[in-house]
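In what follows, structures are represented as structure tokens.
Next, two complexes with subunit A in common: one pairs it with subunit B, the other with subunit C.
Right, the complex of A and B next:
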């Protein structure tokens, strides 16, 4: 019931926006509202060096997957306007976006993949097991909202063997995976309870985009962000928000993503107007806001939000002397070597060295880079029964390097990379913000 | 008079192949000789427009009417070579309203279906159009692949008993008692399917009648026969874009002029053209300014062209002709009509007719006229059937869509292969053997390459025009060698190497005019791949004998997972 009325409402908004867009764009840009985005010109940048294919973690383990070059520039170039068929293999792309960084020539690979995947899913049977499963995985945030109301019960049910068997058989969700436990108090509830921002500031103010995972599952990460930024004198507001859309892009659920993105852009752009910068603790969330939103949507304010979005450590390094603060601090107690894995999406934003560079100077903490491989889980990819083995094969190198590290604690910015790291090694996985919290708060 | 006359057709372009098919279908004996590949002359060097007639609706209504008539015929008999894209005559603010109205009126007079579109409607149809265009006329223009069309005509002619000889240059026209009785031809590398490095032979082909269908080269054949044929070759430059910026033919709605058409062609878009008279159909300057001007001018219609990638440029020569004494100075004013020159009537030389002028869209009609004329010479009354019988590949085209996914190919590859092969798709693509993609840019599989090799032998340029392999954005950099590899083991290493060199050189030729931006990067990558990775610039095997048998065949099972462990 609720869902239907919401869909209708969103649909109306969407139509209005489209009309506006055509009207404003008429003078310079040809209206393309009747067609899906034409990305064929993006193929001009490709000279087939194949660097994208060699960087693709899925192509390395899945012989059936033709790789990003085929999925992107080749498939688009072969299109005529009336051709709508997209090869099924697009659903095997995990959306790690490593091909984007690998390309020396600026081919919009992930944009091509996301758009093609959206088109493919549009043509999929809405009753197929795969569609239903993917829709559920992509909309984890909605389910989490319900589940986290009774966290203990949900955790009990989800870790139940019967539930896992049921998920595997009925939905194709890998039974090997442990569903992440819901926190007994969400970050949102905590923030409310403490009375919102503790500092008010005209010139140091951020809007925190925490995403669903740190709200429902790892509120300690979100709390760490608030405390660290407040320690640097920032006003931290937490606007109402929906999923960043990352799992929706990866599953071709572009309409779901559009609704979520529109809500987020609407809220965040109002705050940007008031002088807030948007800060994320999850590198996939910042990736979505910065790159995928402008590539796939054009709501009013999309570009503006993208230009004002940062990842938390990146923001502090840019605007504060985080490096200096850490080199003058120390962390008490026993802290064996942290096994750090840089998420692919952090890599795409040029952020894969920041934790290493920062913590190298921090007394009491040692950090070991576990290599540049993908963790293999890529959000929802590794949750799918048919992809589970590939997911683990991709992760093999990371697991090995983690085992080689001295301690039994891992470190990463990405919540699903963290799941995979824990799944493969049994290590406890922290977020860099938690380490910084210990040092500076 | 003879019962079953033997006719020799000179020229393997669309007209020559069309004539060969028509005559063979009427039961005459036919031999066609062509000095290069099929389409080697003007046919392979055009923009691929299937005229609606709209372009001639003001200046040359007779041609316009023929165009729309043949447009309808070709959609039917050559459906696998035709893509009905529609065309727009687009008016910019600086183009006159008067001409727009004349164009509209002219199209109506010639029975060409037209719709006037507002600027917004035009941009809905073709989103890449400039924001400031005024309005447009929509006409049934289409895109046609001249290579496949020409080859399909030749294949059909062969199926009706004709002999098709490529790489067979006419070196002399045989005259006896003041009549043409055949030609002497030199086979570049042996008669029949082309094999490289086999010594050439000379052959006298005697015929009861000779048809000179060599277009811009007609004067040269005329010279061998001692008659004067005043063709006036006129060159036109064309630029190939890497992707289709448009899916509709875009014409500028103004009186004749350079650079006024964009044709979506297979995976690319072709910009055309210029019109400048040249002395020799083979030796003329190919100039950079022509390419620049084309992009600059056409960007006014489709702005994205300005920053888009071009993959090559090429020049073609129109076989224009006007009767002696007409005295037109500007080649754009010379009629596009065709002329049948019976040398017996005209020069007192029996046994030969030349066909000159004309244009690609009406090739079949021209072939019909000349076949009628030849039949008349022998009192044969057989009807022409070329307007009704579909070409090989265009039979039962409607069932095609159902078959697209049946060949175990990924969907865009299956789709493109089927679009190219038409009703032959099943026959060509069904295979129990592995069928990998050989040319990634154009989605051409091994099965399609092998089918082309079956047709044309070791000439990889002939394979190229049949399949489009090596015609995509890497211009063969990543697939020339794979194509050559398909010739082995049937052909030995030296043959394969020569075939590879020849194709690679041909691909380079057109890229020379596109060496900036992305295509320059592409050319550099190609050069490094071939020069360094494959050592093709100083390969010792070129000059020394290599014992290839000494190499083993690789791992027994090269599957990745079966590889032994080891660091």
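Right, the complex of A and C next:
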């Protein structure tokens, strides 16, 4: 060892405290226990490998979109040193979070995007068409509460050509899209009508976070969850709840998201206290509760709810022998060939292969993966007139693989991926829980 | 308790992928857990076995002749020449016509985007026409907005390296409307449209001037690369090849995709997006690895045998801070000098001790403790997490991954 380095050594020893903190910030992946709302360590972790940019489905088709690396660490750094406004291109990020699963260095890209988008939207004119349209799309659940009171009338109006023309011209909502029909009976109404939980249990109890879509539009998915969990001996309670916030994050409506999240955390944390785990049937809902809430908010109980939130299949695989149950059952011919699309948000939770793994072992069902592309709709992204074409271009690969599949039934956990799959192919789209219901109930 | 397989492989790079494929050969159930998308997406796509055994100036002609020169404790000394051959054979089987080089033991010399010549054992078919041992006149074509690759400089650099052919470089405008900072992937996607290939051929054609082969950065298509290159070749009437470069690397993406297809058709369960953060053990056997799932208590994945293929210091399979160097999942023994000023040399390109840091395997690839005994009965290690090799200097990373991954997979399935 040279004299120089020895001097350096002595010198640095005095500053161990400070440098140890830096060393932590540079650690591989910040474990969830070290998660922070401070974006500095994440920005510093970026070594500009561009894995995020090359995994971004929007950047692949929209040449105006600079990509996640700019939206995340680079923009964050620009903001630090000068008084720079958030670039408008942040509104083109669809919040699919593919960048998160691509980054080899633990940069919290989606958290940076959510934060930047919130800041950008704060500065937007509240009277602009884009703001009004985005607010409406982000708050779909509030409108659904009203619309579903008179489902037949709402369905008639929303599928009306005049309404579509009006939406396109006045609001910038793509007229090519069919508004999802409201069910004549919501899941909540059904659940109440059947008299709530059919099983009471001290050690097997879950609180079902169904989200708005399966409540108002696809109650058969929510009913399947209840029946499947009851078949495994679970008490299923359905607490009052608001939108998970996913479409609000994606549109930078952080105040709306905050209100919804606070309500949900308040209700769910009380149940977690009583020994209930929170279970979601939508992978974006589970993503919001367990990742986005703690990244963006700090209400009392946020971490506790996150720590007890699961996606439905994930929960049953961990706590029950779902694999065993399925490999011993069979489904009669109703589901000949399922074309499965894994939602991007399932990917980030390590869940994007579970339906394939489970159903490959299930007799009477054939399942085919339609590839690893994004479905392109990303919640509200594909509903915007100016994004519709990009949305369909992103989905092209998925549509092709679906067309190549033997059957005409699609399968996915995500309600908006399902909309896109149906929109592009005309297939009927099921949820994995509906298949499990047929096998084990 | 329900998530359970015969074998769990941790790490989705080259070593982990071939480890999983090798383990799955006789029908064992295998799960591969990868924290993120494969880091192969950043790799050049070249499969080096051994280029510079002792940091010498001249590459070795035949890696198999130089295996004996390697220091004791090198992973190749554990697997032996037959282990290297087994690894390459499995790779050839998996990659099929995507790769060439298997006709000989000798190193091929592949020109890179930097204008260097890299000794390598296997290379993508798309690079075959560029070999430096071929004496045909070469034209390198770069694109204005792709500043990573300077074609005239690379051509000069090749000539200065003494290649047996004339080499020229030209920079042209890419014939598609791409933003100024567009990534390679956008060029690749643009070239999957026939009209862009036609326009590119028209752009290059006036510069040919007798050149018998044309090299471009590796961006000739992503999913349909062979067809894009064939189309360009037929329009230009000369051979076309790709030059390997840094990330994002399409040859790396294509290799990662091919490995994933192989894993999927072998029935290997693949979990990505979640890191392995710990394990559970009974006496000297690991019973499960624990996977971080957001805020949760880590979830267990049970298996009878485990393979550690998490990479080295760069891949984060080996972690360090100023207090020491460690293997973060199982805390396997990683020998290193106590004084961190002994971890490196003053010369930037010296033979740094840190380059060889990693776990030490026994003759069955089980990481051993400081007494030389296996840390666990049922844990094997493969790839860059193994110590003893300076893979960057030797150009041996892929070969070590293939050889140790293949052997670890075989020993694992034999142990079940």
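Details
Keep in mind that, in the parts below, the second predicted complex is superposed on the first by the 397 of 441 C-alpha atoms of A that agree within 3 Å, B and C clash if a C-alpha of one lies under 4 Å from a C-alpha of the other, contacts with A are read in each partner's own complex, and residues count from 1 in each chain.
The rule we apply is simple: a residue touches a chain if its C-beta (ideal position, glycine included) is under 8 Å from a C-beta of that chain, and two chains touch if they have at least 3 such contacts.
All of these numbers come straight from a predicted model, not from anything done at the bench.
By the touch criterion stated above, A:46 is placed in contact with subunit B alone, subunit C being left untouched. In the superposed model, A:103 lies in contact with subunit C only, and not with subunit B.
When the two complexes are overlaid on their common chain A, residue A:233 makes contact with neither subunit B nor subunit C.
By the touch criterion stated above, A:81 is placed in contact with subunit B alone, subunit C being left untouched. By the touch criterion defined above, A:290 lies against subunit C but remains apart from subunit B after alignment on the C-alpha atoms of chain A. In the superposed model, A:196 makes contact with neither subunit B nor subunit C.
Of the two partner chains placed by the overlay, only subunit C lies in contact with A:303; subunit B stays clear of it. The partner that reaches more residues of subunit A, of the two candidates subunit B and subunit C, is C.
Residue contacts after overlaying the shared chain place A:89 against subunit B, while subunit C stays out of touching range. Once the two complexes are overlaid on the shared chain, A:38 sits against subunit B while remaining clear of subunit C. Shared interface residues of subunit A, touching subunit B in one complex and subunit C in the other, are 27-29, 31-32, 35, 49, 63, 66.
Put simply, subunit A touches subunit B in their complex at residues 26-32, 34-35, 38, 40-41, 43-49, 63, 66, 69-70, 74-83, 85-89, 105. Only residues 1-2, 5-6, 9, 12, 16, 19-20, 23, 27-29, 31-32, 35, 49-51, 53-55, 59-60, 63-64, 66-67, 101-104, 290-291, 294, 303, 306-310, 314, 317-318, 320-324, 347-353, 357, 369 of subunit A touch subunit C when the two sit together in their complex. Residues of subunit C that touch subunit A in their complex: 1-4, 35-37, 39, 41-42, 177-179, 181-186, 189, 247-248, 253, 264, 269-275, 277, 291-297, 299, 316, 319, 321-322, 328, 339, 341-342, 346. By the touch rule above, subunit B contacts subunit A in their complex via residues 83, 120, 123-124, 127-129, 131, 242-245, 247, 264, 267, 304, 308-309, 410-413, 415-416, 440-443, 472-474, 477-478, 518, 521-522, 525, 560.
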